Every structure is written in structure tokens, then in C-alpha cells.
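Read the structure below first, then the notes.
All chains are identified by letter, namely A, B, C and D, in their written order; residue positions are counted from 1 within each chain.
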Amino acid sequence: MMNSDLKNVVKGWDRNTIASKIADDLPHASYVNLGIGMPEIVSQHIKEGREIIYHSENGLLGMGPTPNENEIDLDLINAGKKPVTILPGGSFCHHADSFSMIRGGHIDYCVLGAMEVSIKGDLANWSTGKGIPAVGGAMDLVAGAKNVFVMTQHITKEGKPKLVQNCTLPLTGAGVVSRVYSDYAVIDITKEGFKVIDMNENISIDYLQNITDGKVYL
Amino acid sequence: MLINKIKAEISEMLSEIFDGATIMVGGFGEAGSPIELLHGLIDNGAKDLTIIANNAGNGRVGLGALIGQKQVRKVICSFARSAKGITFPELYNNNEIELEVVPQGTLAERIRAAGSGIPAFYTATAVGTPLAKGKEEKVFNNKKYILEEALYADFAFVKADVADRYGNLTFNKTARNFNPIMCMAAKQSLIQVKKIIEPDKTNPEHVITPGIFVHKIIKIDNPIIETNAIEEGMIYP
Amino acid sequence: MMNSDLKNVVKGWDRNTIASKIADDLPHASYVNLGIGMPEIVSQHIKEGREIIYHSENGLLGMGPTPNENEIDLDLINAGKKPVTILPGGSFCHHADSFSMIRGGHIDYCVLGAMEVSIKGDLANWSTGKGIPAVGGAMDLVAGAKNVFVMTQHITKEGKPKLVQNCTLPLTGAGVVSRVYSDYAVIDITKEGFKVIDMNENISIDYLQNITDGKVYL
Amino acid sequence: MLINKIKAEISEMLSEIFDGATIMVGGFGEAGSPIELLHGLIDNGAKDLTIIANNAGNGRVGLGALIGQKQVRKVICSFARSAKGITFPELYNNNEIELEVVPQGTLAERIRAAGSGIPAFYTATAVGTPLAKGKEEKVFNNKKYILEEALYADFAFVKADVADRYGNLTFNKTARNFNPIMCMAAKQSLIQVKKIIEPDKTNPEHVITPGIFVHKIIKIDNPIIETNAIEEGMIYP
């Protein structure tokens, strides 16, 4: 279990470093859905020579970057309801067709935030159990995408681990997460536990174990 | 006599609305949201409504305004939380409105199913989560799925871009969203459009919603822009 | 039961007369699917002032008449695979969307041929039980259309009744037929039996009963 | 590096085909029928195939030719009878080929279901008929329905009109038919098109099959016209 003294002692990777690690793992020509919030910056870190096609739940394939102020079209928005653009080769479709792309297993990767990820790959990211329940497309994405990547801080603001033996919050999906990218490590979900495939250069495996509720191994 | 689904007045559009009706409301965010039809529904005064939509309204405009008028008994949607939401949270926190949360893709597919004669289908979405509670579970190819039932409606409120008098519709960019499938699922679909063209100007290859799914059309060539209306503090009525 | 002596004794309505009776019962602005074969001629008998929209299973709404020889486009065909045209206000769609129109209850009327129709409204029109079984869209149409009209000869070439107490051939649908238009009568399927709502001027109700296997009444 | 799904040779298109594969073949009648890909499959020689299509081929061209080569173990279709059918009836009457008859709408919906993550759905089509035999029955709103399962495929063979290098497709008139949904249902969809355009010439509002459902494309700008080929007595190979 975590020692609360460790909270924020060692500084982890910043968001752009995490995003860049994710971007490096998205192969050329893959179809990708980036969750609202932190995952959106992944698109800024794609290596030269790779073409990635971004999908947005609201019927947009081939999503481009944020428009300039004078190019904003309120009929061209993303799943976060923010103005976006469409790239050549993109297309529009209705919501059922858009979710056929997700639910039918056609999206190669989705990248989502997390409140908790369990050692079995369970994900909780839609509800704290309080307030107005709102799920959006998260449950469809984790059930349908070929690979579910989680981009998250390793510990909560309160200093609690987000990678846990068992999720305590309502699940978004059970056994759905393939890989977690945190500020301290890149971790695959395996039958043997949290397998560390990349670790922050400033920490030890013991440190990582200490901030993780569940067995980590190299 | 020629087929002509175009009406002149919002009141004609809404003449068959009744208390207790189930109404689908198209749009995702404000893109494709039929604000003028919703304001017409406030004027109409029908109550005890069930609304099926992706969201639960922003500010006191459109769906937000309708909910604020306490005309809505229940909302079925994927995402009732919104930075600009006022009326739904108020009523919800006072237990004055019911909420059924449905994953966005399941919502879309349940709507399409209703329009396609499919009373129920299996899906992997929400398996193992609280939203699967009480739902029949079945295994296909060693994977668990739950049974989801079709979502039917009496009316669909839709905003399209262009229509002809047969009801052939096209939409603008991501304003398409739920609108085409809601036209399929409702007994009567009511469409506000920006532009009306002659049928021989409709390209049959480009029609998104064929006229068979459309019942009444009204031209609203300069619809309210929700973002601006909320910024300007608009309150309807 | 039928007396075989009656075979062909009284001449019934011809095809065009039957088609015209069906055409008169299709209201203005209705969406109609006409089955391959005899039902196709119904479209030639629509009264002035009515606009009917024809649907063809292969993704064509707003089907128009047969083209002239020099206007034939082999990519514009009907469910019978014959060249057709499309009228202004028509549209194309894919097969799943086209059958959503049928199966979702959006087609107001379909008109189909029959081998047998039972007093309960069961229809057999796809298989004699011999040869290569082939069903096409018939089962979808009878299950999905709001009103299923049957256009048929009252008796078979062998002189047997087609309106029967129980179908002997494989069903297309159970309890699906609304109304039968034969060369001798127009008959509604009701709980009480075959209700005659129009009868050939040259026959009596006894004659009609004699060529029908099941109670007919006025 | 740019995404480019366009291939130069039919052999490249078919490089991953294997014996025992399930292949969806688009087209309704000859409209949208991928004859050149089917002839490529004859040259390829893969056998023991399951074909999912609306029909079972005409003459000794395209699907009719493939069946004549005895490369097909089973056909799943709605209508295997045809005035011009030669090879399927021959094999069928000799019990050399299997047939699964599926109502046309159920066939289309089972294909779409596979592409949409729906392992099974309920339908009223075929209830009370011999084609409902062995199928699970369930009542919704006092009406009987049967359970139909998704139809998956390893490959889809499709003929489209225009493509760009991303695989965005449009079709010509009723040549659309089963093609778009088959692209969704197959692990790999192989497309022959008449014309290839630059992506910036693709109108995103008019795309019928988005590139995500397309894997390989080949340009066949002057495809065989089945009707003419059969009239002229063409026999492939």
C-alpha cells in the first residue's frame, strides 16, 4: 500500500511526455478515438511520417485540429462539443453509423482518462457515485475499441493509487483496458498483474509498487 | 394533388402533440438541435412528456427551457451533465424529474432498432457495469452480452439543413448526429429546416433521410444559435 | 368445397380490372411496395390527382416507370432486376436501410401474389416445397408492411381454391394478409371469415362460396 | 507516409484469401457485382469457401463461374433461383453444394449487425414459417419475434463507383445495395472501383462507405457487364 508521505515527492512525466509515449504506440494508418480532456493532446505528438485518422463519436471521421477563431463553425464540433475541423478524406455520418464504427470493432485504439483501473483491466471513469450520472460514449468505447489505452495520473489529488486491486467506483467496463500510461510508468494489463514496460527514470520499481495497489512487475 | 409536407406555422407542426407523449429531440450539443420546435412546444403547453435526447439542455433556451417549464416528466439520455445546464440539475436535485442514463451508442442503436422493426438486440456495451442491472445476459462466442430494447417515440423533433416537399433531408456536418435515426423511430417526425428546394434539385444519391421517415416540415431560415442566445442571457418564454 | 365442373365457367375480372380496384384503395401520398409480377401493373391504374411513392427492396424509393430502350441503366433496376427509372424526390439507400423501411413499419401497403391465403390471413407464396428454395424479400414485406394486399386468381390452373381454410404450402407469414383481390371478389380477412366487400357482377355468393375453401360472407 | 489503400494487381487484393474463408459478395443482380474480383478468386484457386450474397450467380461469369469451379462449399442467400442460373442448380441438385436460405431483409440486417457489434437481434420476419425452425422465440408487446444471429465474414468483395485512397466510397444508383453493409461486416473488404479521385475531391457529406470499413482498392475502369457477357456466351476462366 501507498505511503502518503510519498505524495508528490518525485515529479513524474508531464502530460506532453505521456502523450508522446502514447502517440509513439499508435501505428501508421490507425483509426483512433481520443477521449475528451487530457487524451486530446496525443494528436499533437504523432511522429512525422505517420498518418492517424481520428474519430469523434458525433459522426465525424477524419477530425482535424481546432480551427482559428474566424473559421469556427458551430455545426462542426467534436464529442466534447468544441469546434474542430475535418481533414481531406474525412466524412460525416449519423450517430448509429458512428457507433457502429466503435461497437463493431473498427476503431483500432481509444485513449481515455481513468478514475481507477484494476489489475484485471476493469475501468472506472464515468461516475464518482455522486451528482447527476452521465456516461456519454465511454462504455461503448471500452467495449468496442480493439485496444483501450488509459492516460492518467498514477495517484489521485488526495494521494491515493488509481491502479488498484479492485475498483471501488462504478465500472465503465470489465476487463477492457489494454495498457495504462501514467506519469510514472507505462503498464500492460496481464494475467500476472501490472506489467511495467516503461518506467519514469527518477523512480525505482519499489517506489512504483508503493504508489500502486496491486502487484507490479518488470 | 402533389405530396407536400411543408407547413406554414409551428402550431400546425405540433397540432397532434398530446400530454404524456414521448418525444425524441435531435441534436448533439447545439448542432442539429431544433430550438424553434422546442419553443413551440412550450407555447403548446403539452406536459408529462418523456424526452429522449443525448443531453438534457443548456441554459433556459430550447430543451433547457422546456425542462424549466416543468413539461417534462422523464429524460432518457447519455449525458445530462453540462457546464451550462441549469434547469435539469435543479429539478433533478429536487426529485422533480426522472432520468434514465443510457450509453450513447446503445441510445443510438436502440433508436435505430425502433425504426427498423427490431424490438431488442444484444450488445457488449455496459456489460459488468451498473447500467446492465436487470438486463438479460447471454453468451455468444464466449463473450457476454446484454439485451437492450428498442426506444420508440410518438414524435421526433429534428433540425435539418435542406428539405424538399417529399421530406428528403440533408444535414450540415456534425449537425446530422441523432437526427436521421430519430426520424426513423418516431410515429411522426417534425422537421425544421433552413432551406427548402424543389424535388428535382434533390440529388437521390445524397439524401440522408428519405421522405418516408418525415411527416411535417417547417422552414426556419434563421434559427436561434444556442451558444449566442445563452451568452446574451436569453430566457424562453 | 369446390365443384370442379365450375372451373372457368364464369369469366372473372381481368388483371387490369383487379389492378384498378387495388389502385383505388391506395390513398394519396402512400408508400407502396408492389411485388414482382402481376402486382406491378397496379401502378398503371392510379387515379388522377393521387401521388403514390413506390419502394423497391434493392434501395430505391420513388421508383418510376420502365425506361425507353435508349435510357436503360443497368445500375438502376428494381427488385425483379428489371431496368426502371427514379422520379424527382426519389432516393437511393443501402439494403439494410431499405429493409428498415419495410421491417420498421414505414411501408403503408405492399401488394403480393399468392399460392394460398388462409381464412386466418396466413400467406403461402414463396415455395411449392419443390426445387431450389428462394424467398427474396417476401417474408420481410408481409411481416413489416402496415397493410398486406394479395392480388391473385381465385383458383389455381388446376381448378383448386387459393383461399383456403388452412394453407398446405410453406408459409410466408402467419396472420399477415389484410385483403385479397381476386378475379371474382375483394375479400377482407376478418375473425368471422372471408368478408366479401366487392364481388364480380356475374357471380352469386353461392358461386363464390363454391370456389372458396372457407366461409365467405357479405 | 500517406495512407494509401490502392493496389495495382488483383493478386495483391487477394493475397490473404485462404481455403475455407467466408466471403461476402456484394451486388443485387449484376448491379454492384464485383465480377473482376470473383474472376481473380477463380485464378487464385481458394476452395471450400462459404459465400454470403443475395443470389447464387448467373451463367458462367462472376459468382456463377466461381460456383462452377466447385470452389464453394456453401451459399447463404435469399434467392438462389434465377432464369440465368446454371452452375448453382447443377451442383445443388447433385448435393454438391449447401444452401442456407435467409429472408432478404434478415440477410441485410444480420450483415449490418456483424459490422455493428450486435451478435444477435429479434425480428418478426419469418415468424411462423419454416425458416423460423430452431430459432429462439420471444414475445415483445404481445407480438412474437425470433432471434437472428449476426453474419460475419473474413472478406467482402465489393464493386463501388468512386473511391479515394482512404477508402471512402460512393456507389452508382441501385448498385449500392448490399455493398456498404458488407464492407462493415468483413474483417477485410476488397473493393473494385471504376474511378479513383484525390481525397480533397471527396465531399465528406456524400461518402456512403467511410474509409474505416475499407481495406484494399483496385481500379477496374471498364468492368465486365454481366448481361452482355452472358448473352455473348462468356465462360470464365
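By our rule, contacts are C-beta pairs under 8 Å (C-beta built on N, C-alpha and C of every residue); 3 or more make two chains touch, one makes a residue touch a chain.
Just so you know, these numbers come straight off a predicted model, no measurement behind them.
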item: Of A-D and A-B, whichever chain pair has more C-beta contact pairs; value: A-B
item: For chain B paired with chain D, centre-to-centre distance based on mean C-alpha positions, whole Å; value: 34
item: Rounded Å distance, chain A centre to chain C centre (Cα mean); value: 56
item: Distance between the centres, which are taken as Cα means, of chain B and chain A, whole angstrom; value: 29
item: Residues of chain C whose C-beta touches two or more other chains; value: 86, 92-93, 96, 99, 102-103, 143-144
item: In chain B, residues with contacts to at least two other chains; value: 109, 112, 116-118, 123-125, 173, 204-205
item: Chains touching one another, given as label pairs in label order; value: A-B, A-D, B-C, B-D, C-D
item: Complex contacts: residues of chain B adjacent to chain A; value: 28-32, 54, 78-81, 88-89, 92, 99, 101-106, 108-109, 111-112, 123-131, 171-181, 208, 225, 227
item: For the chain A and chain B complex, residues of the former touching the latter; value: 56-60, 73-78, 81, 86, 92-96, 98-99, 102-103, 122, 127, 131-140, 143-144, 170-175
item: Interface residues, chain B side, partner chain D - complex; value: 109, 113, 116-125, 138, 140-141, 143, 145, 149, 170, 173, 204-206
item: In the complex, chain D residues that touch chain A; value: 1-3, 112, 114-118, 164-166, 168, 184, 198-200, 202, 204-205, 207, 210-213
item: Touching residues (chain side chain A, partner chain D) in the complex; value: 28-29, 31, 49-51, 53, 55, 61-62, 86, 88-93, 96, 99-107, 143-144
